[in-house]
Amino acid sequence: MDEYMQEILIKAQTLIEALPYIRDFTNKKIVIKYGGSAMLDSKLEESVIKDVALLKLIGMKPIIVHGGGKEISKWLGKIGKESQFVKGLRVTDAETMEVAEMVLNKVNKNLVQMIEQLGVKAAGICGKDGGTLRCTKKTVEGEDIGFVGNVEYVEETLIDSLIDNDFIPVIAPIGLGDDYQSYNINADEAASAVAKAIGAEKLAFLTDIEGVCMDPNDSKTLVSVLTLEKAKQMIDDGFISGGMLPKINNCIEAVENGVNRVHILDGRKEHCLLLEFFTKKGIGTAIIDDHRALYPHEEEELVK
Amino acid sequence: MDEYMQEILIKAQTLIEALPYIRDFTNKKIVIKYGGSAMLDSKLEESVIKDVALLKLIGMKPIIVHGGGKEISKWLGKIGKESQFVKGLRVTDAETMEVAEMVLNKVNKNLVQMIEQLGVKAAGICGKDGGTLRCTKKTVEGEDIGFVGNVEYVEETLIDSLIDNDFIPVIAPIGLGDDYQSYNINADEAASAVAKAIGAEKLAFLTDIEGVCMDPNDSKTLVSVLTLEKAKQMIDDGFISGGMLPKINNCIEAVENGVNRVHILDGRKEHCLLLEFFTKKGIGTAIIDDHRALYPHEEEELVK
Amino acid sequence: MDEYMQEILIKAQTLIEALPYIRDFTNKKIVIKYGGSAMLDSKLEESVIKDVALLKLIGMKPIIVHGGGKEISKWLGKIGKESQFVKGLRVTDAETMEVAEMVLNKVNKNLVQMIEQLGVKAAGICGKDGGTLRCTKKTVEGEDIGFVGNVEYVEETLIDSLIDNDFIPVIAPIGLGDDYQSYNINADEAASAVAKAIGAEKLAFLTDIEGVCMDPNDSKTLVSVLTLEKAKQMIDDGFISGGMLPKINNCIEAVENGVNRVHILDGRKEHCLLLEFFTKKGIGTAIIDDHRALYPHEEEELVK
Amino acid sequence: MDEYMQEILIKAQTLIEALPYIRDFTNKKIVIKYGGSAMLDSKLEESVIKDVALLKLIGMKPIIVHGGGKEISKWLGKIGKESQFVKGLRVTDAETMEVAEMVLNKVNKNLVQMIEQLGVKAAGICGKDGGTLRCTKKTVEGEDIGFVGNVEYVEETLIDSLIDNDFIPVIAPIGLGDDYQSYNINADEAASAVAKAIGAEKLAFLTDIEGVCMDPNDSKTLVSVLTLEKAKQMIDDGFISGGMLPKINNCIEAVENGVNRVHILDGRKEHCLLLEFFTKKGIGTAIIDDHRALYPHEEEELVK
Amino acid sequence: MDEYMQEILIKAQTLIEALPYIRDFTNKKIVIKYGGSAMLDSKLEESVIKDVALLKLIGMKPIIVHGGGKEISKWLGKIGKESQFVKGLRVTDAETMEVAEMVLNKVNKNLVQMIEQLGVKAAGICGKDGGTLRCTKKTVEGEDIGFVGNVEYVEETLIDSLIDNDFIPVIAPIGLGDDYQSYNINADEAASAVAKAIGAEKLAFLTDIEGVCMDPNDSKTLVSVLTLEKAKQMIDDGFISGGMLPKINNCIEAVENGVNRVHILDGRKEHCLLLEFFTKKGIGTAIIDDHRALYPHEEEELVK
Amino acid sequence: MDEYMQEILIKAQTLIEALPYIRDFTNKKIVIKYGGSAMLDSKLEESVIKDVALLKLIGMKPIIVHGGGKEISKWLGKIGKESQFVKGLRVTDAETMEVAEMVLNKVNKNLVQMIEQLGVKAAGICGKDGGTLRCTKKTVEGEDIGFVGNVEYVEETLIDSLIDNDFIPVIAPIGLGDDYQSYNINADEAASAVAKAIGAEKLAFLTDIEGVCMDPNDSKTLVSVLTLEKAKQMIDDGFISGGMLPKINNCIEAVENGVNRVHILDGRKEHCLLLEFFTKKGIGTAIIDDHRALYPHEEEELVK
């Protein structure tokens, strides 16, 4: 077979493979946690934003939850303040909170700006708008680390009304405490809470790793699909540990709360969202419940 | 680059290319004239029906208009009646009309059956149902050739209500005359009339040729996109002639009546509909108006 | 009283009698099984079609289910094939099924044509369209008689959407098996299944008898209204037997499944539908449940 | 033909005749001016109210406008006040107006009571409710006759909202002047004004005559249908004069303002409304515009 | 502080106090029993009607139920008939009923007239219209006192449809018995029954007393808010007795049936409705349930 | 009259005065430009936010557009950058813009936080969200002053969808240029542009002056209502000049573009919004068009 025909063949197969997913995801809410390297490299940033805009254009309902830790540290530096961490969490006094809020809102509006530039409507909010992210104070082993919050409740009204009016909500991880003060929230935790609250079909984490590998040092051992049972087994067996552990626990909890598939993707690969969502094999790791493993078209095999 | 990465690359490109088309065609009506070889080979038939079902599943509104000439001749033979033609049109006396109607309805219901088997809803009608195809008697150079009709008016109510209720309308080319008799209608003409009446976005003819070629004997000279102006020029210059001529004239008229793109496809190529609709180059010939040549995403280049 | 005044009196009484029925039936679904002599005589055919069209015009929702046995035999004869029957059921091999389908669809579209000619919208479907009549293979005392089906399920979506869009559905009794093959279905059984599925108010069988008579040979013994209890009693007592038996059992089952009144009418009497539906005495036999015997206006006697 | 069959025949014809009218009048507004003998005889009153209730039940929208002159005179007598008339109009001082209003409202609520008793919803209003009948003071040849009004404007909001909520509006002819005082209005004039304002299909006057006769002394010369042109001719030729003249002028004006048919009926005939509305010949006189003489079914003869 | 600033201060406080009530009452139904002195003095009448119109204008849904006893006695006198009472209830023979109905309807339409004059839509009905007030015959200690009724059932359809179409319903207390005769109903009882049936937020009685006072002779002992418990206690302790007793029992029953607050107001004070409804202290006595004592804004103290 | 009665009187008058305004403003959009002293004093801030929340609670649709100049200067100072101004406009280089954006978003979210704390829903956006404020680069007498923008177009979709979903939009004056960069916009100009675009009923500027005074040094010469004609005259006559001039020109332009009343209020007076909006005299200056000077209730004097 000549090269042209082979390309045509791959194209036809790609379409045949992708179309049923596109149908299954139409009008579905898809939460994307955006952070890490994919946020620092402007070319990768453009590729991610373009993918998200495409998802919107073909009828899905993407929601972005973003981080911004490195940028916060940079601005704290500018005003001569050092960043302090306890167990990976930023110690957040009132002034740090003020700076964090300013920086996260700036990052937030920049993402909005990029999406608008692609001709797609976006609106940037933080968890204080519409009382979206309500939280309580978090402590670390009894130690007070300031304005750091645990998400207690997600009020989805504002997110839903933005979605219903065709905007992509872009959410900065700042919460509102019972004392009506601002709290800093971990972006992974915020994304997961939002996904559960709005009944998202998918939750995708853009990370700096390829996914879950049997051997963390060999990307050829990447696992494409992981059931809850298997994931828990791997934790028990020690295959998943270190920084990976809280991330996977986050995924497990989201799936247990009704999110159909949670994806861990390598944000450093261009168009990773499209390749993961619209091909059978994907390019990262998908975590699924045992009993809801398949999409309708996979299950019914309507179109073989 | 290794083969796997190349495949990934083609996949990503295919998706990036296809998604904007998918957006542009959502909720759009697409008329497919189905006939010729693609109808006689059961594997091709399956490929066509599967493509149509997929179009429906991802949010488009396909309508099938089919022929059935060879099958009519076969059944006329069974009851000992010979088929007669004048200038390519079947001479249709009352008995022939009765047989034609029976055979076309049988073909019609078989297509419905195949689509239903794929889990997609379909409903088979002829031009008499709902008074859909109203026609007058056609004569050939003054000669009476019986119950052969010209479409005068398409009453779109029934087609629209089927579409609105999520059925794929499958239409047999039988019309209702002013005398409330049945008339035989050329399927190409019927498809074209329906496309114009319902404001179709696309009209695709599945044929036994590859498309329009500069040199009819060399498929490498296939023209992917043809503007009206160019098409008329090619007719004047004699590049288009013979059996191709009425077909192209049909296409030109459809475009002039508001159908955005008319496609001439080789029905013998598997998944020809998907490849033509969702790739930039396509695999057949698309006829377009000079001034409405591009789809929004092509024009605005929202997503580069 | 002079003749003119007497006529005026009958007219006034007829209207006073008819109007509450007209109110009670507004927007109600009425299934008419059309077959037998009323189908073979063109004057009777015209009278039936006109009545059905009138029902539609004044706000009811008629549905026609038709037969066509004699016509099938005629066409089988044309291609030199003899009709065979086992216990009154046509033995249906693949070729017979093909012919039956062609003939029934022709009959179907002719009825549509007649209704359209009266300015009323109609659409002809068979049980394969929209998967409307799903069936399993029927055997006769263990004997295989080919493609003859029992209705297992009626998918009412297509019928309902035609009704909602103001079409009279005209239904040919062809079903879709689990093997996605075509099956021949008894028209009485099809009509009854449709009436039950769509929640019809009435089901009327146009037959070649006057109704149920205490003495089958004396039309003066015609019973106007028969409760289920009485009908069953008459079966037990042997008053109902022979070809009448399955027909009455069919009626009983329909009433037991929620159809309010099932009528057995003499299709050979002109305007039998109007006279049965809109006069208190009617002209055939109505089978009703004991507990739902009366229409609101009969029960409440709002208008005396 | 035996008598039974003849009755059946008349019934079938009556239904065939009536059904298209019933269709044509569905959801149409029909104003009935109720007064004269039909109001004083309790059996006739019952027949009229029953007809009106039936019209409502089968989907029309009847509105009653009633008089009550004799009852007003009776009650004025009770309080020792004599009735005075100028050119047939009651001289209405403040006390007379107060009594007239009390009496008309009593008559009004009694009609409501009778309709409610038939299980049909009714609501009694006068022209002051919702500012329905706005009027100016009427003078007779310059002479002041007190609170007697000309209808200047009909505010249809209240009538329409009662109709939309399934009530039969029963209207007493009392108006609201620019000075926000009560005015006595002629019931024929009020009925005509209401019919024009709400776009009534029909306006029927229940009177004490049979209709328009060529020879007023010979009821056999009754004219069933009268075009505007003919009616005006008859006035010019002196066939219509005396008390008939203002009534016919009222009818002419209503037709000229868009009411399709105005009927003059003999309220002393039982069920006169049904017989006039639902038979071709009717029993009174219908006044129609030349150009809108026929109902759709009469014109198109869809159902012959 | 100078006088101007003091006035400004009171104004600001009045608004701050009133606005949350206005919000809480928006779209709420408020029944006003109108009778007594406030009905006989034309200046007070104007003040009451203006208040009711204002309530409507700012988005509430007032309903008036009125009395008319003194006017009935006056007209009975005019026709030489004496009024008789048993235990405060008018003995109502057929003629008395006829007069009562006429007079109440006259009063009713006069109120409508006054509201219309303020540019607000009103419609006057009695309990017979739409079968609104259905009643049974009332006897007094076994004694027959004629057409006097107990409300058994309120059919709210007509009231609701008037409200939904932006009319203020004005209701005369005449009921429809099971015998479809007219019955005289106590206006307090009618108002209470209507308030319960339509789910009114408030029921206000305009009376000739200031409210409930600890010492009936000292208006300074007026109780602003009375819980059910306290009201019952006061009855037990004899503080409430005489003519006040049935009125308070009426209030208690209304609150127990879901009316949020029942107010007893002095109709002789101008704008008593506005001052009672929109100030915290009010000017009369409000009876409330213990558990639903506070409006949302009082409870939540959203706005301090 | 004793003091209590006088207070009651003022309360009744205040309500009578206020209610028609409340009706007229229901569902109307009211833009409030919030800045200056009222923003720096926390007690005043609370009073303003409470007034805005009340407006929302009683059915109006307030929108806040805020400034934040002093806060920006403060933060520029923190990072060691001096503020520069040309003709009162801040010279805005890239770093200044970055800081301005961060600070304005912080102010924005704080306002949201305060409103949420009162139990009212709010959402903070800037002009980049939803492409709400599109602008071009502003120059001052040809001099480039950096990222300072003129509003060219207001895309109201996002504002409208927030309002429709019951949020108070809080808008930071940052715009999106044609180059998709952020631009600093004057808050007065932004408020005015928004008011015009969304068809606001009112636009209120909270300032540090009492309003327009004939003698700027004597607050007793305050003008309550100013027609366009009068305002222009005062400019011509030199009564309005200096910093007041651009503000008044802004008001004039807004009125000329369809905003019904533009108010200049002294933000230092507590509850200035309520007193201005709901009393006839108000406490600041209202600018109105000559021909649309009065609200319906003022004009028609429905309620005298």
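Chains: A, B, C, D, E and F, in written order; residue numbering restarts at 1 for each.
Simple rule for what comes next: a residue touches a chain if its C-beta (ideal position, glycine included) is under 8 Å from a C-beta of that chain, and two chains touch if they have at least 3 such contacts.
The shown structure was predicted, so the numbers you read here are calculated from the model rather than taken from an experiment.
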Separation of mean Cα positions, chain C and chain A [Å, integer]: 60
Between chain A and chain F, centroid-to-centroid distance (C-alpha), Å: 38
Chain E residues counted as touching two or more neighbouring chains: none
Pairwise touch network: line, ring, star, complete, or other: ring
Running round the ring (origin chain E, first step to chain F), the chains in order: E, F, A, B, C, D
Touch list for chain E against partner chain F, complex: 7-8, 10-12, 14-16, 18-20, 22-23, 26, 50, 53-54, 57-59, 118-120, 270-271, 274-275, 278-279, 283, 297, 300, 302-303
In the complex with chain D, residue positions of chain E that touch it: 75, 78-79, 98, 101-103, 105-106, 108-109, 112-113, 116-117, 121-126, 128-131, 157-158, 161-162, 164-165, 167, 174, 176, 180, 182
